[in-house]
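Common to both upcoming complexes is subunit A, partnered first by subunit B, then by subunit C.
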Partner chain A sequence: MKADLSPRTKMFLYGLMCVLLIPFVFPTWWMVTSSVKPISDIFAFPPQLVPQTYDWTTYSKVFELQPFVTQYWNSAYIAALVTAGTMLVSSMAGYAFARIRFPFADAIFMVVLLGLLIPSEVTIVPLFQMFLKAGMVNTHWPLVLVPIFGAPSVFATFVMRQFFISLPVELEEAARVDGLGRFKIFTRIALPLAKPALASVAIFTFLHSWNLYLEPVVFLSSADKFTLPQALTQYTDAYGGPMWNIQLAAATLTALPVLIIFIIAQKQFVEGLAHTGLKG
Partner chain B sequence: MTVASKPTSLHHRSSYWTVARRDSLAGFLFIAPQLIGIIIFVLIPLGLVFWYSLHEWNVLANTFTYTGSANYQMLLEDPNLPAVLGATAIFSVGLVVFNLSLALLLALLLNQKLTGISIFRTLFFSPVVVSLVAWTIVWGFLLQKNGGINGMLLSVGIEGPNWLREPVTAMISVIVVQVFKNVGLNMILFLAALQGVPKELYEAARIDGAPRFKQFRRITLPLISPTIMLTSIITIVGSLQVFAQIAVLTQGGPGVTTTVLVYYLYQQAFQFHFFGYGSTLSIMLFAVVAVLTFAQWQMRKRIVFYES
Partner chain C sequence: MAEVKLSNVRKSYGAVDVIHGVDLDIADGEFVVLVGPSGCGKSTLLRMVAGLETITGGEVRIGGRLVNDLDPKDRDIAMVFQNYALYPHMTVATNMGFSLEHRGGSKADIAERVKWAADILGLSPLLDRYPRQLSGGQRQRVAMGRAIVRDPQVFLFDEPLSNLDAKLRVVMRGEIKSLHQRLKTTTIYVTHDQVEAMTMADKIVVLQAGRVEQIGAPLDLYDRPANQFVAGFIGSPAMNFLNGTITATGFAAQGILLPLPAITPRHLDEKAVYGIRPEHFALDGDGVEAEIVLVEPMGSETQVRMKLGETLVTGVFRERVSQSPGTKIRVQPDLNAIHLFAADGGQRLN
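Coming up: the complex of A and B.
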């Protein structure tokens, strides 16, 4: 046990942490408050930490200038599909690599792990050509298929494998004696026990898909197909300069829901990810 | 398996499909989606990108001609390449050093017994869940010449630079923005590792009169070294993939001072439509990632105190 800290040390630590917090917290505050300032105030000097007058018309412009609702839906459904798909693919593959003995298992595992070595940026040119040939450019297929089955899901498979290795094997052996097949052992015994690992896979997969930027920029070209990260940068004036207040309003609408969910469920979030790290 | 008369086929079936064989089949079926996905979306594209890199690809004229090593020759002679590699190296090294040291500092602070510490943990972690481009846009806004940061500097009488338009400050800016966005992840991994260090060790060290700094160097650091290894691999490979921040904040500028390899690749392939040369750059990115991962894997034997 560590000795209790003296009051003076405590004050120092609190003070230090508050100063360190500024670059973590202030940008979000500045984003939200600037988004409701009239355009004349957003670059005002001295900076207004709290808006002095409010202008809500920015928010209606977010929806007027671009099909923002559609774009929001695009991001949300793609992230949901990718998350569900990755959980399925990675838990099955992870389970098989951890538990089932089949020919060439080690060799196949090494091949799959190659995905960790090859970031999707390396293969973006041929992927674009392949999807172009398949007629899938400017559709959401590349943004759904590549993350679920390609390189991004390998890390999830690895996490699931590590988790299943750590599970006691006795439960499954008892089920085998009772005559359960592999598939039922997987769905009825192993998978329900894997909830913590699945939760962390779900969290980082969702965030990865939600943040994806290079792939949408490469694959999508019409505004009603855009995902949110791409849409945010499209609020520009006639000279290509950013319309700051509108970008900030759209950014607020993008960031706040996830932030609120995080604050409500922060314990699961943080512990889930820490868990991943320890096992990974 | 033969399907002869019914009773024998049933008999054959049960004798052929032993537990081991059924398990093998189940294993293949379970890994099939992942394996087929890796073949289609990783291995075939990797082969193709190498194949493309040996060709001159003119999109407008729709020609695709074999040119052997011409693209690699071009790579060696590319006047931008030293600057691009330099920017990539500075960005990655700066990011990793700043990220890991800040993550460790924050984890050490959060590991103290203080009331309300979990609120601090939540707040330090919060940028991780803020949409990447939203986060980058706000920082871009803050870093404008007449933006919030310079406004606040001016209130205390300092005239700030045009952060994103001057070479040195632009590079510092993209590094800092990225670190604050994601340092929370490494912080949490370090915190979990710190909490796994047996408390008795510190107890024993204190009885022996070891000062705090020595405890940190001799107990904490060796025991969390597997986590340091893991986070540095993740962070380095991640730093080579940074694209959105560059695209939003600096577009690689001023000049090519913040044009990292991925951004250069994107420009060559998707803005200038040099798909052949873009593929050559992809091969180079692959080589860099592979060499770095391999080097770290080798180093782990010397650095890591034990295997978790």
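Coming up: the complex of A and C.
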């Protein structure tokens, strides 16, 4: 904020920001507080913003009712693999589209971008058939391979390409004069300078994979293979009705790493967005 | 160190020819400046020598070796770029030693070479800094350090001073020149600034639209430009040009008859361009009449914009001119410094 704003304007702007924060903060607050309320208090009227009684057993039930640790591990390692794979594929593809002159490069890039326009719901059935034939249904392979070579990677490639285009060509020319070949220029010059863009790709990809719901529901059928978003739907009573407080406790635990990652990587996230010219 | 030889070097982008067959011999240890207006092809030519641009036709030889199809790394050249092109994620020392490291030099050898170059360029206290922590002049020095540390056969400079302010440019000009005098490495230097060309070069190559207009020592180009383009490009303030006809009694420009040196009779009655540098006018009561338009006192000299007949020209005088605009003065052109160019094509006539 500019230093020359009057105190009254500053107060107004801060006030406005506080109001705008409500729709973002309230759901999180409601999730965390409701996770320790008895179910009857969650739907009490008037609503209880602060719990009247605290029931911490919801958190232990999360682990009792489902193999939650295994599901946590599933989500974590799949997200890590997808993130690493996407960073590798998108950085190389982005660099190639930005820097290597080959026939129809722009046209091919446009075709690749078209992948973003196809909703995942449209491709899920053919993908299921494909993975069924390959014997990979009810394994984690589809959840790893589809994002790495699908729309998330296309978006990441776009981000990386935009970044590499903005790198001065002279840096690479200087490296060529210094004796580096194309691959070394990529690994020693371009990639280290692309850290902010890579960081934003990593965060986007990790979040996407962590929150993925449709694909796990389609490809996985046994509880020990489930990922967290899918596991959340399994906290139901004998009649299939949701056990809200336990579900919200599991949701709180699910959201925790995402929040931690965002807090740690906030700077890179914003820098990455600035570098790519994209808005969040 | 090595000589560089360009033979009928051509460059085309599709159907567009940008370099039209350049021949150039650069002797071992020579400092050659390629100069010309924007878009004349000087940087393209340099990049062809570096191997950063492919060569459409002709031959480039460095040290007698044909390098047309060699990668930049195999040409034994070092290049300093306009925007320095320092690696932002490496310290000054790493930037300078990077090429040696990549070529498999030992750590001790690299450190010794970096120290040697840093001592020469006054960079020793800055070796642990990153490029973003340096001033423009320091970055320029690091770029030069990166070039000299390898002891290449040829240095290539692509407008290295363009991003510096006027004062620093003068300082760095001197540093590059003294570095060359110390190392005696063959150097090709590209600039659009004719003052840089005049002050630094052993030999200047003036380019226009992908063609060499003239090659020569700085003062040769200044004193005897081969054509009107070179005459107008070299020198500041620029040479004055008056259109007219060569007659037996003098040069008949619009509204004035100017004195001429002896000229072969075959040019009599020929349409021509009369060229005279601003400092080759003298205030003289017996001279031709001129009307003052603007007086610019510079301290050591006075620049006067004046009308000779119908043509506006510039005169530079050691004397202080105090007359106001509209006043008539008399100026005498130095007959030994008159340049005559063909009206058609601009080639030198005298």
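The rule is simple: the second predicted complex is superposed on the first by the 235 of 280 C-alpha atoms of A that agree within 3 Å, B and C clash if a C-alpha of one lies under 4 Å from a C-alpha of the other, contacts with A are read in each partner's own complex, and residues count from 1 in each chain.
Just so it is clear, a residue touches a chain if its C-beta (ideal position, glycine included) is under 8 Å from a C-beta of that chain, and two chains touch if they have at least 3 such contacts.
Just so we're clear, the structure is a prediction, and the values are computed from it rather than from any experiment.
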- Of the partners subunit B and subunit C, which touch A:I118 in the superposed model: first, second, both, neither? first
Contacts for A:F219 in the overlay, against subunit B (first) and subunit C (second): which applies, first, second, both or neither? neither
With both complexes superposed on chain A, which partner does A:R182 reach: first (subunit B), second (subunit C), both or neither? first
Request  = Check the residue A:A105 against both partner chains and state whether it touches subunit B (first), subunit C (second), both, or neither.
outcome  = first
Partner chain in contact with A:L193 - subunit B first, subunit C second, else both or neither: second
Winner on subunit A touched-residue count between subunit B and subunit C: chain B
Note to self: Applying the document's definition of touch, where does A:F163 land relative to subunit B and subunit C: first, second, both, or neither?
What the structure shows: neither
Given the complex, residues on subunit A that touch subunit C span 168, 170-171, 173-180, 184, 189, 192-193
Within their complex, subunit C touches subunit A through residues 50-52, 71-73, 77-79, 81-83, 85-89, 98-99, 102-103, 146
The residues of subunit A that touch subunit B in their complex are 1-5, 10, 13-14, 16-17, 20-21, 23-25, 27-28, 30-31, 34, 43-47, 88-90, 92-93, 95-97, 100-103, 105, 108, 111-112, 114-115, 117-119, 121-130, 145-146, 148-151, 153-154, 157, 181-183, 186, 207, 210-211, 213-214, 217-218, 228-230, 232-233, 242, 244, 247-248, 251-252, 254-255, 258-259, 261-263, 266, 269-270, 273-275, 277-278, 280
Contacts from subunit B onto subunit A in the complex sit at residues 20, 22-28, 30-31, 33-38, 40-46, 48-49, 52, 105-106, 109, 112-114, 120-135, 137-142, 144, 146-148, 151-152, 154-155, 176, 180, 184-185, 188-189, 191-193, 196, 199, 202-203, 206, 227, 230-231, 237, 240-241, 243-244, 247-248, 262, 265-266, 269-270, 275, 278-279, 282-283, 285-286, 289-290, 293, 308
